[in-house]
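One chain, chain A, links the two complexes that follow: it is found with chain B in the first and with chain C in the second.
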Partner chain A sequence: MSILIAILVLGIIAGVFGALLGFASIRFKVDADPIVDQLDALLPQTQCGQCGYPGCKPYAQAVAEGEAINKCAPGGEDTIKKIADLMGVEVQPLDDSHQHSDTDNSNRPKVAFVIEEDCIGCTKCIQACPVDAIIGAAKQMHTIITDECTGCDLCVAPCPVDCIEMRDLPDTINNWQWDLTSIPVKQLD
Partner chain B sequence: MTDYLLLLVGTVLVNNFVLVQFLGLCPFMGVSSRTETAIGMSFATVFVMTLASLLSYLVTTYLLTPLNLEYLTTMSFILVIAVVVQFTEMVVHKTSASLYRLLGIFLPLITTNCAVLGVALLNLRLQHNFLESIIYGFGASAGFSLVLVMFSAMREKLANADVPAPFKGTAIAMITAGLMSLAFLGFTGLVKI
Partner chain C sequence: MVESIIERINSGRFWDFHGGIHPPEQKTLTSDKPIKQLNLPKQLIIPLQQHIGREGELLVKVGEQVLKGQALTLSTNPMVVPIHAPTSGVISAIKQSVIAHPSGLSQLCVFLDVDGQDTWRKRNVCSDIKQLSNHEIIEKIADAGISGMGGAGFPTHIKANSKPDINFLIINGVECEPYITSDDLIMTEQSDAIIEGIHILDRLLKPAFILIAIEDNKPRAIKAIQKAVDGVEKIKVCVIPTKYPAGGEKQLIQVLTGQEIPSGSLPIHSGIVMHNVATCFAINDAVRHDIPLIRRVVTVTGQALEKPQNVWALLGTPIKFLLEQCGAKPMVNEQKQPVIMGGPMMGFCVSSDLVPIIKTSNCILVPSKKEMPSAFDTQSKETECIRCGQCSDVCPSNLLPQELQWSAKAKDYEQLEKLNLSDCIDCGACAYVCPSQIPLVHYYRIAKAEIRQQQQLDLKAEKAKQRFEARKLRLEKEKRARQEKNKKAAAARKAAMNKKTPEANEAKSAVAAALARVKAKKAAGNLANAKPQVEKVADNVIDTGSDEKSQVAAAIARAKAKRQLKADSTQNSTVDNSEVNHASQSVETASHSATDDKKAKIAAAIAKAKAKKQHQHSESPGNETSPANTANITKKSQREETPTLNDKKAKIAAAVAKAKAKKAKQKQEHTHADNPVIEAKAKFTDTEVISSNDEPVMANEIKPVKTKSIAQANDKINDKVSAPRDKKAKIAAAIAKAKAKKKSKEAANSHKKSSDNPLTKQPDESI
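And now, the complex of A and B:
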């Protein structure tokens, strides 16, 4: 008899708590993972796909699920820092695969540049540009709006005469970075 | 009134759950590497422990004792704690997504934090009344929060300190915790309970 009472009592407790949790799960339902929207807002929205995902939103989704935070080349170091703050992880340098190894200061932000005497006006780069930073028309010379260019280098590949190249942004006080590791530090024992 | 105040001070400082009674050491070591996370964990633990000690008092007094089912206390306390933790997890997920990510696995692991079960069982053994149970639960979690935040602040300093190689990482954290425990023993005798 006492066993039956014990089972009944535990059953009642469990039932009440179960109902409470069921109510709470409806009351405190999380519609969408809000972190994805916050991450998406930090990304540059170039939809360039250099991170290996079809656009900024899918990459934000992937970061929320634990993907590396250092794959956004257009966003650069600034975006990586903001994502690191939001996610509570350490800042990492930009992914190696996005660093152009042909120059020594490869980590610098870059913009595309049209070598204008070679341009044949085919408009292929205009179609590739995700941020409409290239102006020009058919059979007219094209040029890049430097302020708009995110340095995603999607226009380089489509150019049939290879007249687009990526150049370093000139140093200004806004983008200059002090490379601390270039100063040799000797560890004394 | 003075009794309740003395009970609170006594629980927070003199009989500190982490450093004097050695309960809840797992989150104490696990979540203390960043102060922000430690503060978030503190709030969650305060919420869980206060609510759990309240509910477990109600369950024992109005359900188990009248029916002579005292042997079910541990089992029903675990049930109570699991529910409160699950509830807290939902609330945290709703209110602060980044805190939810930072706490990660440690949030559901409050269930297995022995300090929570400890406070419920000690309430029973010390025969606390309703108000005393709540104060004891709150005091225990406040003491836990106090040392957790202090310890995490120290660990952030230690990350930059020039620690000898054999003591790097967890070893120096253990030594720090031991020294903190010694310091807290200095409160012994401050309040007579």
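And now, the complex of A and C:
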């Protein structure tokens, strides 16, 4: 008899909690997949497509669905580390296919530059630019809005006259970083 | 509350801020010497940007003669402060040059070749500032290019713009950093001008009280200022205890008022505005004497100099010139003598002695090796942190320097922000006391720069994201618009067609006519006979096109044309087939006369009969052929030839067929001899076929024409070949037969139904 009561009581408790959990899962349902937005926020938003996806958001989506985390070349190690932290996976080195030959200089920020005398005004680069950072019109010279350029180099390949090249961003006072060789402070006597 | 603060100040008691240090002051090197007026340097290098903010628009060109005080850039924005020519001369270049920045990077500078005349531009000296409105005064300050001269270089006209409820205007004459005496000297020598400047600020800001803060290590300055203030109730001269960094904005506010400015907040939010004494002097110069900010007091000091002294330096004066004037030893630069811009605590080593003096440069320090050995060390003597905690004891901002240091080394920027790195004022007190000689401030500076850069990158990434999304949206929108447009255009076309306007009908009928014509052409290609009819139909269609019911009419016409075409073709083909088949089969099958097929036999017989008849006719004089025969020939020839058959074509055809005709004739003769019985029968059948042929309207219509044309063709052949007449006739027959053969093949392919036709069965029955 006592066994029956125990079964009954536990059964009721299980039922109550089951109902509670079921209700909660409906009532507090999360609509969007927040992990995708979080991942997207970590990515550098160059929209370069080097990961094989047409932009940062699609890659974030893919990572959320189990794609490798080491395909973002512009983000580099830092981004991989952050994604690894967020996804709770091991940090991986950058995908081999994305390693540049000139490794020392590859991760420097770059911007596209139109050699204007060579430009024929074909608008192909304008169509390729993911962030609309190129201005120009058909048969008019094009130029890059340096401030908007993400350095994705997607405009380089479509150019029929090879008049676009990637250049290092010049060092200015605004992006200069301190180094430790400046003055040390010392007790004077 | 303000009153209690004033009471406390009056009684000479002040608050204290956390931490702070007492480094050796070293001010006596220069504090007892007057400010020296220097000769004009040969060249001035004037950076376009000498303050926090952005550079203005250039107003001068290379080669231009400028006068002293002439504006070189134009302010287009409150955060832009103009620069002025410190003396008269010629602009020799406008190019990148090393500037007073720890990076040693270059920025755009105006190179001014000094002419030595020092001629002023026209000055608008104001004798009575009471006549000026506040707005005019602020404009004068802005036009004079005054930015904070204490170190940060914030545009003064923004800070001087009147705001309500200012409790305290604090004039900062603390000058807490070792070595520097420029504010001390300017207060001593120019106290009246400074007080005038303070009065101008008083008028603009309308503070409850004005506090002039001076450290107690500057007795002469205190005396001079007190004298100049001359017992004005509102202005309090506060002599505060010496402690580094009491001159920091937040620290000084705490010392004077006991208020702590919260992290991330500005003093103005607490009703406090602070200006440097040198700035007050510059304000007075600008408002009263119309002298823009073109010079400042610079402390040139250090034991490596023979004559350390405060000097009036024109902005843009290269450090090299100042050092020469103050007796730098000649080997200074060969020894890699460090030259520090700013004080020993917060300054930085300049990378070149061409670096010019700018609005915020208050000190050039050239230490000897004995004085500051660490400045000569190329290697850091940094050792591990021993967690002594001295740094946090001295931090004026109540931060945890050692924790900051670890986080900065680990590049853990999130943690740094949690530790309030942004509240660090870079005073260097922590590094000063560190027994492990860790250059703490440098780690913070790097971290701060990196955080700032990361923020910029984040901003840029956000912008890129927005632009990417916007572009995607735009492309999608364009695509949709295109599709919609196409759809709309199609709908419009349809609607226009269905509308019962004359234009629409015309268009419709034109389309219908075109369709009909196309069909007709196709039909004509198969059957030349049908063509006139179809054309007629097509004509009908076009004629009735303007009709309201043109579409219906056209449709009907088309249907009719189709039906007629079918009828024609079947009729023709039956006729053709019956004849042509006979003719051809006669050629093909006559040789083996014992064919089982009844039909074939009959056909062969007919063909033979025809051949014989033709033969006979050709033998008879002239071109007189029996009507039946003519009809036959006509029809046969018609198949290939269009109604507008011309003689030329006939001639060519005749020529081509000549050879064939010979062969055919031979065969005919063969069959003729072999099957006399069938021949007789064939004659009968032939007539039957012809009689039945009379029925189709079309055939009747065309018959006469054809006969004529063939006759003509025959005539031509007669003339040309001049062969015996029977031969000619034979040739004609051959041509016809050859053509018929070809046609029959086509007809057999396209009109298999013809066998079901009663006309074809006729010969059968006749048997």
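Here, the second predicted complex is superposed on the first by the 114 of 189 C-alpha atoms of A that agree within 3 Å, B and C clash if a C-alpha of one lies under 4 Å from a C-alpha of the other, contacts with A are read in each partner's own complex, and residues count from 1 in each chain.
Quick note on the criterion: a contact is a pair of C-beta atoms (placed from the backbone, for glycine too) under 8 Å apart; a residue touches a chain by one contact, two chains touch by 3 or more.
Values in this document were obtained by computation on a predicted structure and should not be read as measured data.
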item: Touching partner for A:Thr46 - first (chain B), second (chain C), both, neither; value: second
item: Residue contacts on chain A - larger count, chain B or chain C; value: C
item: Contacts of A:Asp171 with chain B and chain C, given as first, second, both or neither; value: second
item: First, second, both or neither for A:Ile26, with chain B first and chain C second; value: neither
item: Contacts of A:Ser2 with chain B and chain C, given as first, second, both or neither; value: first
item: Partner chain in contact with A:Pro34 - chain B first, chain C second, else both or neither; value: first
item: Residues of chain A at both interfaces, chain B in one complex, chain C in the other; value: none
item: Residues of chain A defined as touching chain B within the complex; value: 2, 5-6, 9-10, 13-14, 17, 20-21, 24-25, 28-30, 33-35, 38, 86-88
item: Parts of chain A lying in touch with chain C, wherever the complex brings them together; value: 40, 43-47, 55-57, 130-133, 147-148, 150, 171-180, 182-189
item: Contact footprint of chain A on chain C as seen in their complex; value: 23-24, 26, 99, 101-103, 105, 107, 178, 338, 340, 344-345, 347-349, 371-375, 377, 380, 428, 431-432, 437, 439, 441-442, 445-446, 449-450, 453, 456-457, 460-465, 467-468, 470-472
item: Of all residues in chain B, those that touch chain A in their complex; value: 34, 36-37, 59, 63-64, 67-69, 72, 75-76, 79-80, 83, 86-87, 90-91, 93-94, 97-98, 101-102
